[in-house]
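Mind looking over this structure? Questions follow.
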């Protein structure tokens, strides 16, 4: 799958279009159809006990799927999430959380991604899995 | 379905166990198997353009399902989300977002909820629907 | 929501386009955005013990969503299921199974339905819930 | 992950407990946490045009997840599907369909699987992806 945006271009896009959350995320690997992103959890992402909250995990999966699609599609600002199915399987360890997302289908109107979230260094014990569908605007 | 916790009890539970987000949410109706909660969106919940973000909608559905279960089950702090499937159908209007969640099954080990999110006054045009499964710890 | 096809028209469509399964299903109510269909389970739908199998419940939800969309959209043969999320909550009683499906969104490219399956006479104890997305071909 | 049942043992279990469908499926690979099964589609699995129907794809994913769990858990007949999320991405080619399912979590009460369906020889163009949760009875 051809790369239409590299890590630096995705990073610039993230900072310009999502200024409120850009500081939370970083790109670990951009190799379409796969993109890996990290979440540097701060207080606002944590639940009592210090584990990353469900909405923060959802947010990481959602942003990672979005940039996974953009890495293969190019800068299309109007793609929107239409569906997400997420399974929470283990409690995350304190510390950094990664998401590895894979683009399974890039169609005319829909893109489908699937990925896993895991604590850094523990990819074999995923804390969650997620599949997401994005609607792609007509061009 | 019997009510095991009323709105005031759920509110106290929310403030004690989720202090970081308690101010974001309020109880509109507690009538098991149905609970309606509201999200008073502030800057952190919004995306450019002023619409409520996907993770904030997920968070509203998740917290509403949690308290929907507690309203029928009583104060069990350790129930955890195991699955969520959410469909985003329309862009929310600026302003307050409500979630109406219904408890469909309260089993020994699992509870299943289903609900809809809508802008206040527009229940007939839901912005999202969500179904969630919670794992209930052995008693 | 306007009705574009009534029960008799949907029935004719079912018999012409799905001859292999047409005899399994019947229309109980067609009132867009809601359609109720029944499954007259025969041996091929049953698992040991006499309960309706998971694939048969999935099939009932899928066909009911399809005709729910057609009742509001008109005869568009090429709509295809893109996603289904289904929760199995209770074991069905032996006998007839109904599905009540509601069309939540009929967009240009996507339609979203949500519904419940229950044994006849036991709508308050759903055996399953399902949400489905259909992709609608460009017209 | 230890293997508790091998292909021959799973095959015997399939024939004894699911006699109505046993002839439809076969085991291609049993290597926990991964199991690959095939569906030899006959008329009852096909839609007009000769493609495998949605319920048949759901059925293949469901049975493959079940035996994926049993390969790691041993012969536990009462595990039941509680949730399935499935995305249909491409039309299957005529002919044999495979499902590669991976067990992501084997907990005390819940097991989570994730897998892909593809036409034989085309694993890089999956026709569907599915995630399933099974409830495991107390032992």
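Order of writing sets the chain letters: A, B, C and D. Residues in each chain are counted from 1.
To be clear about the criterion, a residue touches a chain if its C-beta (ideal position, glycine included) is under 8 Å from a C-beta of that chain, and two chains touch if they have at least 3 such contacts.
What you are looking at is a predicted structure, and each value in this text was computed from that prediction instead of being measured.
*Asks:* Please find the path from chain B to chain D through touching chains that uses the fewest steps, and give that number.
*Replies:* 1
*Asks:* Nearest 5 degrees, what's the C-alpha rotation angle taking chain C to chain D?
*Replies:* Between chain C and chain D, the superposition angle is 180 degrees.
*Asks:* Among the chains here, which has the CA centroid at the largest distance from chain C's centroid?
*Replies:* If we average the C-alpha coordinates per chain, A ends up farthest from chain C.
*Asks:* If you average the Cα atoms of chain A and of chain B to get two centres, how far apart are those centres in Å?
*Replies:* Taking the average C-alpha coordinate of chain A and of chain B, the gap between them is 23 Å.
*Asks:* So what's the Cα centroid distance for chain A and chain D, whole Å?
*Replies:* Inter-chain centre distance comes to 28 Å.
*Asks:* Give me the residues of chain A that touch two or more other chains.
*Replies:* 82-83, 85, 87, 89, 133
*Asks:* Show which residues of chain C lie in contact with chain A when the two form their complex.
*Replies:* It comes out as residues 82-83, 85, 109-110, 133, 135.
*Asks:* Would you pull the chain C residues touching chain D in the complex into a rising list?
*Replies:* Counting only chain C, the residues touching chain D are 17-20, 43-44, 46-48, 53-56, 58-59, 62, 80-89.
*Asks:* If you look only at chain C, which of its residues touch chain B in the complex?
*Replies:* Residues in contact with chain B: 85, 87, 89-90, 104-105, 107, 112, 114, 116, 126, 129, 131, 133.
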